[in-house]
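Naming follows writing order (A, B, C and D), and every chain is counted from residue 1.
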Amino acid sequence: MQELINRAKELLADGTVARVLGWKKGDMSYNPEVAYFNNAEELEGFVYNGFCAANLSKYLIEASKLEGKTLVFLKPCDSYSFNQLLKEHRIDRDKTYVIGVGCKGKITVEKIRDLGIKGIESVEIDENCENITVKTLYGDKTVAYADAMLERCHVCKGKEHVVSDEVIGESRDTVDAERFAEVERIEAMSPAEKFAFFKAELSKCIRCNACRNVCPACSCRKCVFDSTKFDSAQKANVDSFEEKMFHIIRAFHVAGRCTDCGECSRVCPQGIPLHLFNRKFIKDINKFYGEFKAGEDAETKGPLTNFTFDDVEPCDAVKGGN
Amino acid sequence: MLKIAKVDLSKLYAAIAETADLFVPAKTAGQTNYTLWSDETVVDMDTLKTVKSPKDVFFPQSENLYTVNKVDKKYKITPEELCNRDFVVFGMKACDIQGVKVLDKVFLSNPVDSFYKARRDHGTIVALACGEPEESCFCKVFGIDCAEPDADVACWFVGEDLCWKALTEKGEALTAKVAELLSEGDESAVEAKKAEIRAIVEKLPYSNLSLEGWHGDATKEKFDSPVWDELYKPCLACGTCTFVCPTCQCYDIKDYDTGHGVQRYRCWDSCMYSDFTMMAHGNNRTSQLQRFRQRFMHKLVYFPANNDGMYSCVGCGRCVDKCPAHLNIVKVIKAFQKEEAAK
Amino acid sequence: MPMNEEFKPKIVAFCCNWCSYAGADLAGSSRLAYPADVKIIRVPCSCRVNPMFILRAFEKGADGVIICGCHPGDCHYSTGNYYARRRMAMLFSMLEYIGIENGRTRVEWVSAAEGVKFSTTMNDFVAKIKSLGENVRLGDIRCKN
Amino acid sequence: MQRIGVFVCHCGSNIAATVDVKKVVEIVKNEPGVVHAEDYQYMCSEAGQALIAKAIAEKNLTGIVVCSCSPRMHEATFRKAAERAGLNPYMVEIANIREHCSWIHKNIEEATEKAVILARAAIAKVNLNAPLKAGESRVTKRALVIGGGIAGIQTALDIADAGYEVDIVEKTPSIGGRMSQLDKTFPTLDCSACILTPKMVEAAAHEKITIYTYSEVEKVSGFVGDFTVDIRKKARSVDMDKCTGCGVCQEKCPSKKTPSEFNRGLGNRSAIYTPFAQAIPNVPVIDRDACLKFKTGKCGVCAKVCQAGAIDYEQKDEIVTEKYGAIVVATGFDTIKLDNYDEYAYNQSKDVITSLELERVMNAAGPTKGHLERLSDGKHPKEIVFIQCVGSRCSDDRGKPYCSKICCMYTAKHAMLIRDKYPDVNVTVFYIDVRTPGKNFDEFYRRAVEDYGVNYIKGQVGKVAPQPDGSLLVQGVDLLDNKQILKKADMVVLATAIEPDPSVRKIATMLTASIDTNNFLTESHAKLRPVESPTAGVFLSGVCQGPKDIPETVAQAGAAAVKAIGLLAKDKLLTNPCTAKPDELLCNGCSACANVCPYGAITYEVKLINDHGIREERRVAQVNNALCQGCGACTVTCPSGAMDLQGFSNRQIIAEVDAICR
C-alpha cells in the first residue's frame, strides 16, 4: 500500500497527474470509501486492502471532465470496465493514468456478518490474506479470508490487467468455483422452479437503483427507466412485474458490454444475486457467438452490434442451441 | 409483566392473526423484512435489523390513491378505500418506533394524510427490545433507549421466554385477546436484561457520536460549508439510504394506465435521484452535491427546525450497513466534526 | 385460468413493413384465415422491435408475442434482421431462464410472397399460446380484471 | 391533444360484409382524441377523399385514421388527400381492416371487435404523431443497368434515347445474353441474331451508353437518386483500345480444349476467346484458368501473333466507382441443373439435351454447324422426343414450383423447325398442359400440330433409358388414352426449367432489393408496380423478376426504362422523413448506434450541450437524414432511448401495444 502512496505522490509531484482517484480509510476498518486525493497530505488517508472492492472505472466518466490527468488505481477486473468505457467514448484515455493494482480477492463485512459474527469493532487482515481477525464486543473471532470473499472473486476472470500504464503489487489466484455453475443449476430447473426462484429474489427488490448506479456499463446519462421516452419511468416497485422488466432490460442493455465485475450483486441491499442475469447473457453469448470478454480490448465490436449470416435462430437459442 | 415461552410464539402469532393482520420480520430468499404473517411464514425475530424498516406497514412503498375510469365519454373517479382492518406489527425496535413518530410529525400534522392516519389508527405496535445491538447502531445519540421501547406493547427476550408488557390502551386490548397464552412474568429478570442491553450500547463505537452544531438554526453555516465538496463524491446517487431509512418520507405521485383505467398512486421517492422534484421548469437541485447535502440537512437541520428540535434520524444504522459507497450520516457528522476541530 | 374453449389469447405480431406485413397482406388477399386473436403492428424492420415493446405487451396482458421479418439475407435494410435475430435470441433465452414458458415468444421469417406461411405460422402460434394458457408470469396484476 | 377524425371504409362489401362498419364508427367515437368518425362506401374514391377534406376543414382535425385496406395500398393516397386539405401528410395513419381483418375472418362479431382494436391502435398512434417534413436529396443523372442481355440492352437504349447517360455492366465478355444463344424466335421464326445484333451494335455505338463487359458490380452504397457503385472490371488480359478484333490470337492459341460457355459446353473454345462471332465488344479475353501462359508460364503465342500488341498478361482487375441516380437489374436467367432428374438420363447420354442446347445444335454457328445430328455419334436422328416441364411446376423440392412460361412455345418452335427442315424425322412431345396465352401463340402451336404433324401426347415421362444400341427408350404415359407408352427415340430434348441467374442473390443483397423464395426479385406491387423493386430507385427488367419471353422482356425493359427516366428527370427527390432522430440531451455518445447503421448515416460531433442548466461539451450522435433509411436498428441498440425513429417512435409503438392489449 505504501508503494502505491509513494508512487502517487511522485506522479502528483512531477505534474504527471493532477489528482488521484483511490480509496480512503473509513471510520471503521471495513468501510473504506472512494475518494479523490489532491495532494501528498491527503494521500496519508489512502488505503488499499481487501475491503477496497469498489470499481473505480465509472468514476472516471466525471473525472474525464476535469482539468488535467487523473491517476486511477484499477484492479485487474476493473481494467475490463475501463476498456469498455473507453470503447464507448465515455472516458478519455489521455486524461487518465492507470496504475494496475494487485488483487488477492476482495472481501466484505456482510460475508463476515453472514457467518453469525456480531458487534464487530475492528477487522484485521493478515499479510498473506489468509486469515482475518475480527474483534467484536463478544470476543475475537478468526475467519478464513476466502470465506469473507465476494462471489465474484471465487470465479475471478483473471488477474491480468488488460490496460494499465504500470502495475504495482502482487495478485493471487482466487478461483475456487465454476463461474457458470449457478447459471447452469438454474437452467436445469423446471420453468416453475425457475420462476419461483427469480420471483423470490426479485420480489425483494426495492428499486433503489444501486445496481444500476454502480454499474460501469449502465452509464447512461439518463436511464430509460427515468425518462419518458418509453412511458416507462418508474420510481418504486408497484407490482412484481416492474422489477422483472427493469432487471431483464437492464441485463439486456448491458449484454455484450457487461464485464462481470460483480458490483451489482455486491451493492444490492437485499442481496439479490443480480450477476446471475448478466452471467446468463455472457454464457449465451459465448455459446452462440463465440467466446467474448467485454472490455478485453477497447476496439472489438460487441456481440449485439454484430452478426454473422448463420447465427442461431431465436427458437433454437431457447431450445438450448447447439 | 407477562410472558410466553419462545416455543409457543407461533401460537401467539396465530392467535393475533385471528383478529388482525399480523406483520412480522420474516426471512425470504436470505433477507429479513417485514411480511404479512401466514402459516408458512418463517418468522425471524433474531435478526436485529430488517433490510427495509417497517415504515412501509404504515407508509407503503407504493399505494393507490384513486382510480379513474372512462364510462362512455364521462370520467369516473373512485378513491381508494382507507385501511379499515386492524393490524399488529410485531417485533419493531425502539429506533423504528421513533421513526414512526417522525412520520407522525409529517403525516398527522395538518393537512392530515388520511391514508397514513387510517393505518396508524388501525395499527398496534408490539415492540421488541434489542437483544444484541450492533456496531452500526447509534440510537443512543438521539436519546433512544433500545432496552425500553415505547410502543403499545413492549417485549423482551429473557432466557427461554418472551416477556410482554402492555403500555397503552391498544396494547391492553391486544393483551386481552391473547391473554390465554400469557402467564405472569418476572419483572426483575427483565430489568436485568435491560441493564445488559444498555451495557452493550455503551460499548458501541458510535454511541458517543456528538451532534454538536446540528440543530434547526444551523442552516446557513452547514449549507455553505466546503465540507460537502469532497464528501458527496463517492455517492452513487442511488436510493438505498432513503429506501431502507425508517424516517424518509418523500414520495412522488404517478399514474399508471391499466388499459381499462388510470390508477393514480404514490410511491417513495428519493432526494438522491436526479429527477427528484423535477418540475416543468426543470430541477431545483442540479448536482449530486446539492442532492446529497439535502438529505443530511433535512435529517439534522431542516427537520429539527420545523419540529421542535426533533431529528429525523433515529440512529438505526441501516444506511451505515447498506450504502454501496460506504457513505452514511455518521461519516457526514464526523466529517464536520473534523472540520470544526481543524478550525 | 383453466384451459378451456373460452380462452381468447391476446397476441401481438410485429411485422416488418417490407416482407412480413406484405406477407400478411398477401394472406389477406388470398383469404387465408387465421384467428382474430392476432393483431399486427407495422414496424419498418424487425430490428425496430425493442425488447421493451415485447415485455410491455406482456405487462399489459398479451399472452403471446411474435416478431416477423424478412428472411435472413433478404432484409430491405440488408442487415436489420440479423441484429433482430441476435437480440431476440438473447431475450428469449433470458425469458426461458427466468421461468417464462417456452413458446410465448417467437420469431418467424416471412417474405412478402409467403402468404401461406404467414397464415400457417399464425394458426400454429395461436394454437401454441392456447395450449400454454393465459400469461400469468409476465402480466402486471394492475392490468387484470 | 389531437383532434382526430376516423374514417371507416366499406370497400364495397370487401370490408362491410364481415365488419360491422357502423358499429366500429360508434365505438371509436369514444376513444381519446377522436372528435369525428364516419363511414363511407369507398374512402379511396374522389368522394371519399372529399369527405376527409371536408372533415379536416370543418372540425379542425389534426390527425386522421383511415380504417381501410393495407397502408401498402392506399396510405399514400390518403396522405396526399390530407395534404391537399392542409394537414401534414404524416398525421395520417391507416388501420388495416381489410387484408388483416375482413378478408381473413368470417365471424362478423369477431371481425368487428378486431377492427375496433386495430382502429384503437391507430388512434393511439396518431395521438402521438408529429408533423414530419420530407427533406430533399439530389439526383445523379446517370443510370446503371446490371446485365447486358436483351432486357438490359433495351432498357439502356430507351434511357439513353431519352438523353441520360447509362452504363451497362455485363459479367461475360460480351453483351447479348441468352438471346444471342437462340437460333430462331417464336412465333415469327425470325433469326434471333438478326434482330438482336443491330440492337447490340446500336447500344455499343450510342454516345450515352458505356458498356462494361467482363465486369461485375462489387459494392453498392447510397440510396435512390444517389447510389455509389463500385464496378470490378476483371482483367481481360487484352488491351481494349489496341485490339482490332482480327481473331488471329484465337486461331493460333494452342489451348483449345475449354468447353464453350456460349455453346453450352457442346463444343470447345480457345483460352483466348470471344464468345461468339458477333460479340460486342469484339475484343477477346484470356481465360486465365485455361491459358498455358498463366498456368505454366510458357507459351505467349497470342502476344507474338498480335500485330496490334494488344495482349497484356500483366493487366489487373480495375475498380471503377461511379454515381448513379437509378439502377435497373436485368440479370436474366439460366436453366436449372438437372442433377435431381436422373430418370431423364441427361448425365448418362449425350443424346439427351436441353432445349437451350438444341438451340445451339440448330444454329448454323453452333457445334454441328446447324445440322441436326446426335451428339454421341453424329448420326441423323429419326425419332425425337420432347419432354415438357422438366423441373417446372414441380410440387416437390427437386424442381421449381412455377411455370417457366416459355417452354411450350419454344418446343412448338423446335418441333416445327425440325419437321420443316427434316420431314423424315418424327417428333413427339410429352406435355402436362400446353400453355399458349399470347398473341399468335395458339395459332403457332396449332400449326405445329395440324400443319407439321407434331405428335403431342398429354402425359409425363417416367424414364429415359439409354439402350445398348445407342438409342433411348422413353417410358411415358398417355393420359388421354390412359395407356403406358414405350417409345424408342434417337434424341430426347428436355424443356428445362429456367431460374434467375445465380448472380442475382449477391446483387439483391447489395441493392437491399428483396427476393422471393425462387430467387426472383420481388416487385413493389404485383399488379400496380411490376417493374419497380420495393427498394426505391431500383427497377426490374426481364426474367430476373419472373419468367417471360422476348417480347414481354422488351416491353418490361421499356417500362423499367421509363420508370428510371421518370426518376432521372427530377432534379431533387423528397426523402423519407421517417428517419432516426437523436435526443442530444440523452445521448451517451457511445457509438452503439453507428455500429449497427447499415448506411453510415450516423456520425458524432462534440457539442456544447445545455442539459437542464448543466452546460458541458458532449460527444453526441448526428443523423444524416439523406442517408438514413429509417430501419430503426439504432433505436434498439441505444440503451437510453436517445435515438428514436420518427413516425415509428418508441412511444407510438408502445401506445399501439397498449391499445391492442387493453
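Please note the rule applied: a residue touches a chain if its C-beta (ideal position, glycine included) is under 8 Å from a C-beta of that chain, and two chains touch if they have at least 3 such contacts.
Values in this document were obtained by computation on a predicted structure and should not be read as measured data.
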Does B-C or A-D have the larger number of C-beta pairs in contact?
A-D
Taking each chain's centre as the mean of its CA atoms, chain B sits from chain C at a distance in Å of 46
Mean-CA-position distance for chain D and chain A (Å):
53
Rounded to a whole Å, what is the gap between the Cα centroids of chain A and chain B?
30
In whole angstrom, the CA-centroid distance of chain B from chain D equals 71
If you look at chain A, which of its residues touch at least two other chains?
222, 224, 230, 238, 304-306
Going by the contact rule already set, what residues in chain B reach two or more other chains?
256, 258-260
Which residue numbers or ranges of chain D touch two or more of the other chains?
596, 637, 650, 654, 658, 661-662
Draw the chains as dots and join the ones that touch; what shape do you get: line, ring, star, complete or other?
complete
Residues of chain A touching chain C in their complex?
183, 186-187, 189, 191-199, 224, 230, 232, 238-239, 241-242, 244-245, 248-249, 251-252, 255, 277, 280-281, 284-285, 288-289, 303-309, 311-319
Chain A residues touching chain D - in the complex, by the definition given at the top
65, 87-90, 218-224, 227-231, 253-254, 301-302, 304-306
Counting only contacts in the complex, chain B reaches chain C at residues 256, 258-260, 263
Listed in rising order, chain C residues that touch chain D in their complex are 10, 12, 17-19, 21-22, 24-25, 27-29, 31-34, 36, 39-45, 47-53, 56-57, 60-62, 70, 73-80, 83, 87, 111-114, 119, 143
Within their complex, chain D touches chain B through residues 30, 612-614, 658, 661-662
